[in-house]
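Following this message is one structure expressed as structure tokens.
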Amino acid sequence: MSNSIGEKFKITSFGSSHGKALGAVVDGCPANLELSAEDIQKELDKRKPGTSKVTTARKEADEVQILSGIFEGKTDGTPITGVIFNTNQHSKDYSMFENTPRPSHGDYGWMMKYGNYDYNGGGRGSGRVTIGQVIGGAIAKKLLKTQGIEIISHVTQIGDVKAQNNDLKLIKENIEKNPIRCGDLNAAKEMEELILAKKQEGDSIGGIVETIATGVPAGLGEPVFGKLDGDLARALMNIGAVKGVEIGLGFDVAAHTGSEINDEYEINDNKITTKTNNSGGIIGGMSNGMPIISKIAVKPTPSISKCQNSVNLEKMENEKIEIKGRHDPCICPRVTVVAEATTAIVLADHMIRSGFIHPSNLKY
Amino acid sequence: MSNSIGEKFKITSFGSSHGKALGAVVDGCPANLELSAEDIQKELDKRKPGTSKVTTARKEADEVQILSGIFEGKTDGTPITGVIFNTNQHSKDYSMFENTPRPSHGDYGWMMKYGNYDYNGGGRGSGRVTIGQVIGGAIAKKLLKTQGIEIISHVTQIGDVKAQNNDLKLIKENIEKNPIRCGDLNAAKEMEELILAKKQEGDSIGGIVETIATGVPAGLGEPVFGKLDGDLARALMNIGAVKGVEIGLGFDVAAHTGSEINDEYEINDNKITTKTNNSGGIIGGMSNGMPIISKIAVKPTPSISKCQNSVNLEKMENEKIEIKGRHDPCICPRVTVVAEATTAIVLADHMIRSGFIHPSNLKY
Amino acid sequence: MSNSIGEKFKITSFGSSHGKALGAVVDGCPANLELSAEDIQKELDKRKPGTSKVTTARKEADEVQILSGIFEGKTDGTPITGVIFNTNQHSKDYSMFENTPRPSHGDYGWMMKYGNYDYNGGGRGSGRVTIGQVIGGAIAKKLLKTQGIEIISHVTQIGDVKAQNNDLKLIKENIEKNPIRCGDLNAAKEMEELILAKKQEGDSIGGIVETIATGVPAGLGEPVFGKLDGDLARALMNIGAVKGVEIGLGFDVAAHTGSEINDEYEINDNKITTKTNNSGGIIGGMSNGMPIISKIAVKPTPSISKCQNSVNLEKMENEKIEIKGRHDPCICPRVTVVAEATTAIVLADHMIRSGFIHPSNLKY
Amino acid sequence: MSNSIGEKFKITSFGSSHGKALGAVVDGCPANLELSAEDIQKELDKRKPGTSKVTTARKEADEVQILSGIFEGKTDGTPITGVIFNTNQHSKDYSMFENTPRPSHGDYGWMMKYGNYDYNGGGRGSGRVTIGQVIGGAIAKKLLKTQGIEIISHVTQIGDVKAQNNDLKLIKENIEKNPIRCGDLNAAKEMEELILAKKQEGDSIGGIVETIATGVPAGLGEPVFGKLDGDLARALMNIGAVKGVEIGLGFDVAAHTGSEINDEYEINDNKITTKTNNSGGIIGGMSNGMPIISKIAVKPTPSISKCQNSVNLEKMENEKIEIKGRHDPCICPRVTVVAEATTAIVLADHMIRSGFIHPSNLKY
């Protein structure tokens, strides 16, 4: 199994939904970055369930402890280990899934491939496992901030409701004002209603999350097989429910001509910028100094209480399944936090790989 | 720079558009696979330019030589090196780009990051560099065929023209009958006209390429950070002009509910299959035995002859640019070959990683 | 910093001597291996200090907790995290080393490279950090045992005292009967006296540790840059105080001819073996089915109480240093446990890499 | 198979003794390093056989061609491919080895593991394959020279004849004056006689090669699992006939006390140095600014013409073997070139990894 991501700034994630603990080891963070458990807790709190009607009713304290890597309030270059001990787990809810895979849930793969599958709460296939990314991302964000890089993720679509707002400043303000983490308050209201309606029906709904990184210098990314957009695409696609990744215009490029969407260069204040940013800040696999913009397609939570067709793997016969338990009717709001963290990890890694951040010591 | 892809089946690509040669070293192909230069040449010929009105007029022999890795007609487990010596290069066409980056072309990144940039024919930023993937992909396809896996890529959209045909057998037949490599002959006709119209205008046009892999067993892919869709997304996004990657329904999941698109299980002939394949053959990062389906968004070639705004990097002043030279008005037809090769490399790698193919010897 | 070892069976180690905790995440262990905390504790207890007069007087409970990776008594293919919380740390002993590096101790490198160095107990440069390897090695040993592979390390030399016994069965019995973990009880007695004499003088003494792995099949190791002896050499050299690694005859090959030391083949019971094992079980980077034998040179503990010359890095002036604190006068007995663990990790990794153990599931 | 070495400065080697070609792709060399084929040829000529009585009588032109990675006389950051086409191969000499492994030669492993083994000239198990390292090392040496780092390897022992000279300046002068590449001209004479005597007997002889790197800054190497000595040990052990690696005092540490061999610090010209260099320039896995000194044990060439016992793998019966063909009676002189190259590759890699050399562009 592959539970590490990153080449120079590397996260190794561990733990499962109902096991003893979850966490991550972050290797390769340079020494002398000020870092506290609060820096990580702040991000974890954003993904925490039980905070609004649109997420699962599970309540998890999710208090992170740092076990290593900090000396006198600063990183010391050694691996940083963040861990959360599980507390509020109801394993009895899950025994019914031992032999009956949930349609479009990863459990079928786990059963087939590993055999000994901890089906409780989805085990290591649970969305709860993204705690690892969020721990790593919190550190990455702190590191990137020292270089003037900021990252924000927001929900742009739920079902057929689309956000209209494109103003980054307004988006930042608005996402903290609504449980959807949407940048457009009117759309957020509609999205919330749609999600609650689907929840009521025992169903779930998909959506789209956009991530914007500003302050990224030109020159991140390595041509051919280490492209920045390639690494972003992998990292974002590795988030559980994601079925598509776009950079800049994404699939809209198909219906356009070069003359319509090429990003022309111009000089502003002796700095080279582009008139438009249809490329989403990445051309030829390298950042060009413009904001880096990605979109991900998030499928509806597969765990729904509506009756579905499945099979019993032991008896090898068809079987109906109704999934009880506490599931998010729409995971997009919480995915924003993971997308932000994931983007931060990839950018921190490339900032070190490309020589913008010293590999061992921020004081250099 | 990162010019390697794959963990167990690993391609290291080298060479540039107008340099001495291009090629790839393929490390990790098990011994005892029958392989000849013809197996590779066949794939290279499909991406060769100059074969129809919709591609560039450049004529390249592109004859591959195998320098290592074959003994008595079979792989011997050692690295396989395929190389093509460049012959038909017109370097005089490119000197104008030495200091003036082409809008939305990777050359700006190369100039900024590496300084000493071989701008001739786009250097190593050229689409010609995908010869490396095609060499690796040809070997991967031969290897996968021994396991009953086949891969086909086809154009599903150019501009606003969309192919309608979803029948895999028909797609396979049709793509060889039209220069667009589209599975729908009527759409292909329209696409061709659209491309020629754009060429006439000195412009270019984008499109979408779909790839379908059949015969893939359940259980490829490693949860969390080695997901099969994650690795596919990275590999596909690493193809030059790609701005988006979808698996299965892709971005369409956003507007759907779980009950609408969950892939329910059923038993057929004592085999577990799903009634639908909205997941595109991958759930939870692992293949589920259904066909693996991806789509990529291919942007219009940035090199167009229409006048565009750019900057002169040496003088640091704005400058107009008109790009001459022989460029494809639409690269989608040729991208199909690269998408096919890329998908083959990722699948071959995971077949070995997951224990379906022995890492050193096909005879085991 | 690089805190991971292994390609398929991968250990990521974390923690420091006086920090909150130490441990390791073990990724890539196949599912369905029976594993308990006791399996790991057993190995940790062997390296635990405070158990005899020849080791440091520090007493550490060193009780391991498994935080993840086990389901119903067996591995489930997910990362296994073992952690030990530090309890008996005397940080006041170490403040004198903040600016004064200890001769031949790694602290100088840490100070120079990372700046923010946790000097307490040697921080992450401490021998205590080998707890990570021992956790990983314990799991590796359990995994290898399912394939009939056993590994034993023993002390063959301390100072000028050399063990004479070459009988593997006898070595195994004897090492548990003396605190030196030497296979020759007479030599062990002399070694113990020598160590205590050096301790009395405020000095330390070096030695040699041999590791023997039996039951290893022919065919582990990948030619050219993934050789089994190459990977063993790196892993063993990565143990703190090691200054040399030998495979088989090692440096003795220099004074011999091919006809004297070539290992001739013969057939025994329809199995190919060699008459001698001067190669130490590895030829051309691959195991040949004979026992794998390595030796490592372990330098005397650099931390001695005798007065030594050093420098004050802050004042940039010469300074004398006398190292108090509780240090092992000879670390060889404890290094045997680490060498055993390290060898197990490398062999487990190659058993998976070479297809002898299935990468995800022991049931295959 | 694993044919790549290095993390940031990465060599991928290919080709076999009697195949079409041999070579290497060097990925990760920063742009703007002046480099020509002559720089590489110079190093290859040093390892070329047929130049004296103590090496094989084979004559190989071994002319290197650079296929990629150079633009206008300088590296451009893209992969550098060096290739040598084989010309003087006598495959008829080797057919007798098809089913009969040579004692202590790697061919047994190749036959067992890969099945389809090109036994001609040892195939990819041949010493000729070190051409890959030498190509990579030549580039690494040129890169390191820009940072003031120089590397020299010399023979210190053949059989029981040992070189006495420790003066680096004299060693450099002397090694070019004798075919043994020994730094002590008197010893060189004796060594030559010993080798010729063994050749006469149809036998071969082992030896020791020392490598010294000067000008290496303090701070190379990453603690725990990326130690500089760990990476050196692996790389050096990966050279065909090497059975042991020492750093600094090596195995001599066993018989010493800490007070005898600890390297005490002192300040010279406001620079921190050590009074002695028993550590061989590496402590705690990191360089300390002193010369880096390693020794490797080189076994006698296994291919000897004296009659030996072996087995016929096809018939599974014992069989005698007398190895004809042109083999070096002692490979130590040629190994010096490979050791130098290998050390250069490891140091170049760590210079980039540790931030001393910019990863993409020397102009930074």
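Here the chain labels run A, B, C and D in written order, and each chain numbers its own residues starting at 1.
We take it that a contact is a pair of C-beta atoms (placed from the backbone, for glycine too) under 8 Å apart; a residue touches a chain by one contact, two chains touch by 3 or more.
Computed from a prediction, not measured in an experiment: that's the story for all the values here.
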{"item": "Selected pair, greater C-beta contact count between A-D and A-B", "value": "A-B"}
{"item": "From the options B-C, A-B or A-C, the pair that copies C-D, where over half of the contact pairs coincide", "value": "A-B"}
{"item": "Inter-chain centre distance, chain A versus chain D - centres from mean C-alpha coordinates, in Å", "value": "46"}
{"item": "Approximate Å spacing (C-alpha centroids) for the pair chain B, chain D", "value": "38"}
{"item": "Cα-centroid distance, chain A relative to chain B, in whole angstrom", "value": "27"}
{"item": "Residues of chain C engaged with two or more neighbouring chains", "value": "1-4, 13, 78, 113, 124, 219, 222-223, 354, 360"}
{"item": "Chain C - residues contacting chain B, complex", "value": "78, 219, 222-223, 353-355, 358-360, 364"}
{"item": "Complex contact set, residues of chain B against chain D", "value": "1-4, 10, 12-16, 19-23, 25, 27-28, 31-32, 65-69, 71-72, 74-81, 83, 113-118, 123-124, 360-361, 363"}
{"item": "Chain D-touching residues of chain C, taken from the complex the two chains share", "value": "1-5, 11, 13, 101, 103-110, 112-113, 124-125, 129, 132, 157-160, 198, 201, 203-208, 218-219, 221-227, 229-238, 240, 243-267, 270, 272, 274-275, 278-280, 283-288, 295, 297-304, 306, 308-311, 313, 316-318, 354"}
